[in-house]
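What follows is one structure encoded as structure tokens, with my remarks underneath.
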Amino acid sequence: MAIGRNQWAIAEGYIPGSSTGPAPAMTSHETACILNAGDREIHVEITIYFADREPVGPYRVSVPPRRTLHLRFNELEDPESIPRDTPFSSVLVSDGPMVVQHTRLDSRQAENALLSTIAYSEA
Amino acid sequence: MAIGRNQWAIAEGYIPGSSTGPAPAMTSHETACILNAGDREIHVEITIYFADREPVGPYRVSVPPRRTLHLRFNELEDPESIPRDTPFSSVLVSDGPMVVQHTRLDSRQAENALLSTIAYSEA
Amino acid sequence: MAIGRNQWAIAEGYIPGSSTGPAPAMTSHETACILNAGDREIHVEITIYFADREPVGPYRVSVPPRRTLHLRFNELEDPESIPRDTPFSSVLVSDGPMVVQHTRLDSRQAENALLSTIAYSEA
Amino acid sequence: MAIGRNQWAIAEGYIPGSSTGPAPAMTSHETACILNAGDREIHVEITIYFADREPVGPYRVSVPPRRTLHLRFNELEDPESIPRDTPFSSVLVSDGPMVVQHTRLDSRQAENALLSTIAYSEA
């Protein structure tokens, strides 16, 4: 069953530049969890906004029908990788309904810290 | 008094495979807190979505009138238990209004970390 | 300027029964932050829902015009205090618009953990 | 592409008065991440609400077109700095659509803790 919306924004974004603990589970990362509960593949375009330069994108990912994609911003490389220790925001636009949640694991110190929130959505 | 919606989605899902500290309070867990503030029992069907295989479900739980259920995904067993250290998403559909909040306690390291967010809802 | 809604629900609720560090700042606590940005005092009724017994309430608090109240559930005592280490949910209903955010400080272990989310609202 | 709303509220606010670890990355801070994905500069007025005195503001910030601003409340100084260890709330009003997310890094103890949530919005 399709659930969700086509446009999402995550105002907070920051990939910590260092990590503690075994990779990849404990590597500091910034994630957009994307659920496609519908019966058609969706195509998502992601644009990254910065504080002091023009946005970069679109990054393109697809999510097959009835699948989830836990997308690590750390792994985006085309058109360019996202700099570490740099504030950013992201906008995700798809051609079908999706649900987006934002999560960070910060393992710069010995004990990890977590944050998560539903993203902002428009129809 | 009834409050809430009938359809909810949690795009983030991940049960850490290890824990530190006394069980069950400090066992790593992933929780969907479900509030039924209305005067009728509600019946909830939960479907779990994965990255690389077909969804599993429905899992079925009931919440009596005027009760809350803090459901640990760790404890779902029928039709099958949810694998650890594996990204997933969930969709919860009920036959009456409910409010759903997502919380994780991650105690893989010595000090626990917490995340929580309201889930995404549709009428 | 008035902003917000009259009905809010927090599906997650849990007051850790132990704490580490100096009180009251580092005492484990569960908070509903209530903003009344309007020009009239608002009167809020809070009902607490449990897993296995009838709800308790209403607890009553007032928030003066143009004030915020960071209400610790730990400190609610009338009609009865809220048990520790016990899952609960809460519904907050006011006679004027308010904004409600849910935060927990968990200091059961040496290093504190935090969670926060906007609550679920209806008009 | 413009996305977002013009009015946002963050009911939770608290700048921890102490920190552990190297500044500024590990300094305890309270942040409003503001995304302006549109093609016009936006002008944001921020009002801070307290528990026991009249609100302070407006603080004024601008966000250029296609930029994000990760605004640390710690750094607001005009009309006055925000006291530490003091509960507050904030309302942000702009003349164009924006998306606002609230994040705190709490490094009072040796290991940092994080919280984040989308703020409450109105059109």
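Letters A, B, C and D name the chains as they come in the text, with residue numbers starting at 1 for each one.
Everything below uses one rule, namely that contacts are C-beta pairs under 8 Å (C-beta built on N, C-alpha and C of every residue); 3 or more make two chains touch, one makes a residue touch a chain.
These numbers were taken from a predicted model, which means no experiment stands behind them.
Simply put, chain A must spin 90° to overlay its Cα atoms on chain D, rounded in steps of 5. Residue numbering shows that chain A and chain B use the same positions for less than half of their mutual interface.
Chain centres here are Cα means. That of chain C falls 21 Å from that of chain D. Averaging Cα coordinates per chain places chain B and chain D 30 Å apart.
In chain B, the residues touching two or more other chains are 110-111, 113-118.
Against chain D, the residues of chain A that register as touching in their complex are 7, 9-14, 47, 49-52, 54-55, 85, 87-89, 91, 93, 102, 104, 106, 108-111, 113-120, 122. Listed in rising order, the residues of chain C touching chain D in the complex are 1, 3-4, 21, 25-26, 31, 33-35, 37, 66-70, 99-101, 103, 110-118, 121.
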